[in-house]
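Naming follows writing order (A, B, C, D, E and F), and every chain is counted from residue 1.
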Amino acid sequence: MKRHQFSAYSWQEVEEMDRASTTILIPLGSTEQEGTHLPLGVDTFVAESLANEVANNTGALVGPVLPLGYSEWFLEFSGTISLKLETLTQVLREYTLCLIHHGFRKLIFINGHAGNSTAVDVVARECTMSQSARIAMVEIWKIANSLAKDIPDLKENAFKHAGEIMTSVMLYLHPDMVSMDRARVEYVKSGQAPFKAKSSLGLADFKGVEIKVYEGTKTLTESGIMGDPLSATAQKGELIFNALKSYLIEMVTHF
Amino acid sequence: MKRHQFSAYSWQEVEEMDRASTTILIPLGSTEQEGTHLPLGVDTFVAESLANEVANNTGALVGPVLPLGYSEWFLEFSGTISLKLETLTQVLREYTLCLIHHGFRKLIFINGHAGNSTAVDVVARECTMSQSARIAMVEIWKIANSLAKDIPDLKENAFKHAGEIMTSVMLYLHPDMVSMDRARVEYVKSGQAPFKAKSSLGLADFKGVEIKVYEGTKTLTESGIMGDPLSATAQKGELIFNALKSYLIEMVTHF
Amino acid sequence: MKRHQFSAYSWQEVEEMDRASTTILIPLGSTEQEGTHLPLGVDTFVAESLANEVANNTGALVGPVLPLGYSEWFLEFSGTISLKLETLTQVLREYTLCLIHHGFRKLIFINGHAGNSTAVDVVARECTMSQSARIAMVEIWKIANSLAKDIPDLKENAFKHAGEIMTSVMLYLHPDMVSMDRARVEYVKSGQAPFKAKSSLGLADFKGVEIKVYEGTKTLTESGIMGDPLSATAQKGELIFNALKSYLIEMVTHF
Amino acid sequence: MKRHQFSAYSWQEVEEMDRASTTILIPLGSTEQEGTHLPLGVDTFVAESLANEVANNTGALVGPVLPLGYSEWFLEFSGTISLKLETLTQVLREYTLCLIHHGFRKLIFINGHAGNSTAVDVVARECTMSQSARIAMVEIWKIANSLAKDIPDLKENAFKHAGEIMTSVMLYLHPDMVSMDRARVEYVKSGQAPFKAKSSLGLADFKGVEIKVYEGTKTLTESGIMGDPLSATAQKGELIFNALKSYLIEMVTHF
Amino acid sequence: MKRHQFSAYSWQEVEEMDRASTTILIPLGSTEQEGTHLPLGVDTFVAESLANEVANNTGALVGPVLPLGYSEWFLEFSGTISLKLETLTQVLREYTLCLIHHGFRKLIFINGHAGNSTAVDVVARECTMSQSARIAMVEIWKIANSLAKDIPDLKENAFKHAGEIMTSVMLYLHPDMVSMDRARVEYVKSGQAPFKAKSSLGLADFKGVEIKVYEGTKTLTESGIMGDPLSATAQKGELIFNALKSYLIEMVTHF
Amino acid sequence: MKRHQFSAYSWQEVEEMDRASTTILIPLGSTEQEGTHLPLGVDTFVAESLANEVANNTGALVGPVLPLGYSEWFLEFSGTISLKLETLTQVLREYTLCLIHHGFRKLIFINGHAGNSTAVDVVARECTMSQSARIAMVEIWKIANSLAKDIPDLKENAFKHAGEIMTSVMLYLHPDMVSMDRARVEYVKSGQAPFKAKSSLGLADFKGVEIKVYEGTKTLTESGIMGDPLSATAQKGELIFNALKSYLIEMVTHF
């Protein structure tokens, strides 16, 4: 554990920092189903690993990681632990206001879970309006999705829940937590025709246009997987992780 | 006012309905800045007009319209009236649970304002898990964005806040409320280079990848416009509105 | 739709207004049982119609109408959609504070539903104490009750839920939504003697004195009617509506 | 202290009671300005005294008294301690649900303060709908107002805050807490003509009809008195208190 | 009732006080099981009696007593009325802020129930940080526990729920509410060996070290008693009460 | 990272577990001042390390760690990040209910921060009453305090914030995060005589008896230290940590 962690410093050392110019990275994760082959903590592990790497290379500090997010629609799958969106929002509000109270002005949420994004939005907008803070959020899988086009040999050209990209990154970072023998290819099942479910978040296609039709997640995917993890490799994972890392280092450097 | 309105029926008539098979359309609007030339109620007006047309053509009923949404980031502009996201969520939760309590099982939110979407998500997921309801949401401007590619002569190939699509629809529906002499072309200003703001919701581009950098809205757009309303016409508006209407009629029919 | 609607103006037009001297009328309705012959939206429709007329004659503006109120005791009747009183209070608090934030100082709630009154009270008292706003509320059926004594030929000398006054006003404003063939005379049944129920709000008479004894509404009235709608006519409705309108125009003019 | 107090019994004695047929009286008071000559606790003292007398004569039990109510509009006067209406509602909700949990089915709120009434309404309606409880509320000053017409020599024919009725009752019950040398006649001042304030709750007269115009309380009454306490006597107080007591004993007996 | 009660003063008298130097004592009680022989209100009665005595001897004033506390774990015993901890906290927050709003700066909570302590802590810390108030709390049974060592002939050298100390104090203050024929010796039963329950609050002993193991209270004590009330006497109660009183008088005098 | 982490398992593996007999350890930390020489995350680091060791030796699983606690009174010291107690309680409520929802019945909170204890109490009591769960909490510094008497050469015979015990444990676990050159001996200053502050939680001594007098923390300790860290050594830390570990292993084994 190196000294890029915010909580590795004493209050006095924090007081001595140039707080207004020190960027705090806030990793947000989740504890939710990530397919039969990946551990519940994928979002947390990857957000934390990325934040640590970025901090090591930029002088930013990594704030305490939140391992619980808003994942209510996955409660049908064993092990998912979800906060209500209202609760998560309040936690982030208090977290952010404390940092601002201490003089920090540059906060970047390193968000490993799409379900958390609105809570960040709400808090960031409030603080931007009423405080002199500068806040950003990077949604790591969404960025991975953008960067994937430059990764050679990726079969999936877009990020899928528990699919090739996520599985590859985990094979690179935490192979001991991946059970490839439990992996299989599964895509979100079409719900009730003619509505074609696109994700577990409610996204659905009707005549080529995206709308939302909410369905119980287990009716959409039996395994929790919504892509093809079988083509994942640690090598691809390394490329993706490094691409994310480079991107974030540059982003943080310019923030 | 025709009898497609839910609240145009007496309680006894509601009781006599085949409630389990009657679809309720719930129009969600906002009261927020929509550029210098468009009225604050655009989202509400269009959501309500569409819902009415769709109901007239499908047998669905239009529930009471909510004219206040979550638009907190526009409070810098005079006239914006915003609910907190938590408050909006609670309103939608109680609205939805009452309908389900009365035996309705098919609810579609006709959402005129992107800021409301998460509140619908939260409530729809809760009800889908704990109740036997079937819930959908259509985000009208997002659909307009998809349908725009088939509209001839549109200059903007994507929906922009207070831009060509929105202005055209309003010129068609409510020309008396549009002040074209106050319209002008304005795009979201780049915030702090190298971050390039893409919308007032925090979206920003950094090296071709989308992240979020939250900024006060007035620093992004002076007029509130984020597109080109000058090329808008009522004719284009009619085409767009009718495309939306046809799409929604078909969607509701299949729901 | 004329330009007496607040949301028919652009943010720039709002900014150009003399906001401190512009009165905003806020119509509050409900979606609740109004007897077997009247539609669920009576309170909303009448509040909105009155507000529009008053605005047209005074220069006041009509804010977005809230069609959901606090009507929890009517949930036994199909179609009633009620907010919790706490939720309604929070909605009104945010609505009001936004208007005050933008510089408006004169707000009048045009309240079509008695159940909403406490929520207005709470918010108005808070704002009166902590802000320089001037707030009023008119409860339209209570005023109708006062004005009724001057309307010739009215059989009911006091306002009754779904009775002569309300039915007459609806016959005048929205005859298409009134089903006189479903109307009948019904009065609140005496609950458990010697307590004599007086209304669905809990009011009861014991030995000539008013107390409250709460009972399920369906035990009090089978039809939801608590008066005599059979003597209602559109002509009476016109007189009542015009009396209300004149009164409110004068009231708003002096505010 | 006699054994009419609920909290004077042990849990075992409560368990041995015929709880379904035992009525619990719940005294609600306030701590608020009651004029220059009356103590802050008037509402609490009178509600508690009445509840005790009624319990002594009926076998009902007096639950714990709540000495704080919703009196926010009096915070301008020193010593007023007010709960938010939402907080009071939650307190009453939990109080009531605990009693129902233990098998009590007959609850009567002995309410000494009009500001508390809506909180009781909300809770009573919820419990009436979802639980098999029977709930009533008596608003003691409103009843005093009704009974006053039968009290000889009363100068005020209607209850006034800190006026003849309230002062008389306090001269009878707690003469040591009344400072008649600080009493004076004061009526609610007309606010801004032509609106004529009628009470500190916002009630106002406009052209003979009652509406609400909210004003800071100190602008309405300098002393907090809104009637004529000078004609108060302990003898009148005794008559009023006994009339209240007799009425409530009869009411509780029939409940 | 003497004039040591805060609510025995008029608002004007409060205004004339030297509020910054007047200490307000706030008695906090509970309504909860206190064994088979003691009444539900013990904590309230004792807190109030002590506060009154202390006020009489120091010039401090006694604020309105709160007879409901946080006692949720006793709801299995008939008659217990508990607020949620969150609700109690909010009540105390509003109570305290009102007093501070009126200029009081010295507040001492006379707390008769351990379950209330955290709510006081939370509010006191908030006010200490953001307001210029000085706040203290005395937990009366904890103090009794400390003072007990100096009371001759006490069999229990430590305070026990419904044991010798509490019973003695009640025999002294309210013998009419004590049913010694229902008293018996009972100690908290060992839950599941090797965990040895120490109190109803969850405290448990494992290998001589205190941890918490939460169990339903009725599995810990059948009677609700957790000590030896049989050795209680009014004489011991008088000694304990007077020791508490002397201690608190001195404490308040120095505050 | 080994497989003692709850979130290292996939949802399917969780489903295959014997959930009713698997104990979940929930580490609770804080981010707060811990003196000039210790990092903000001490409570989190130690709770997590202990939970990991215990899990490794017992088959229990370690749930996601919460690194933010209730530390509001330390906000005067730079870097402290505190949740409101109400927020923390809600987080723990949702966390716990999700685990129970999935069939886990044995939960032990490994609590590194005393300020969190009431939140655990509240949730554990709720769940014990309404669910068939078995919940325990170990407060690690309180246990360390008990075990300290058996550690040779300890100068402090009781746990002190940032004192010998805590510093020793950190010197053993994370020497790189300890700045002994910033350590100094400081004890909680006596606040206002004759009240003698005993801790930053409000504890104070008056005449040998413990009461609470709340004071701003910086008036009590300049450095945040409230003991003697100078005598701390890694060897003592190892002994203490191992004693804690052995104790907890045994406790968990018997749960």
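Things worth noting here:
As a working rule, contacts are C-beta pairs under 8 Å (C-beta built on N, C-alpha and C of every residue); 3 or more make two chains touch, one makes a residue touch a chain.
Since this is a predicted model, take the numbers as computed values, not measurements.
Path length between chain B and chain E in the touching-chain graph (shortest route): 3. Shared contact partners of chain C and chain D are absent; no chain touches both.
More than half of the residue-numbered contact pairs at C-D reappear in one of the options A-F, A-B or D-E, namely A-B.
Spacing of chain B relative to chain C, judged by their CA centroids, is 28 angstrom. The distance from the centre of chain C to the centre of chain E, with each centre set as the mean of the Cα atoms, comes to 48 Å. The multi-chain contact residues of chain C, meaning those touching 2 or more other chains, are 75.
The touch graph of the protein chains shown is a ring with every node of degree two. Of all residues in chain D, only 1, 3, 5-15, 19, 31, 33-41, 44-45, 63-68, 75, 77-84, 87, 90-91, 94-95, 98-99, 101-103, 174, 176-177, 179, 182, 223-224 touch chain E in the complex they form.
Those residues of chain C that touch chain D in the complex are listed here as 72-73, 75-76, 85-86, 89, 117-118, 120-122, 124-129, 134-139, 142-143, 146-147, 194-195, 201-202, 204, 206-216, 247, 250-251, 254-255.
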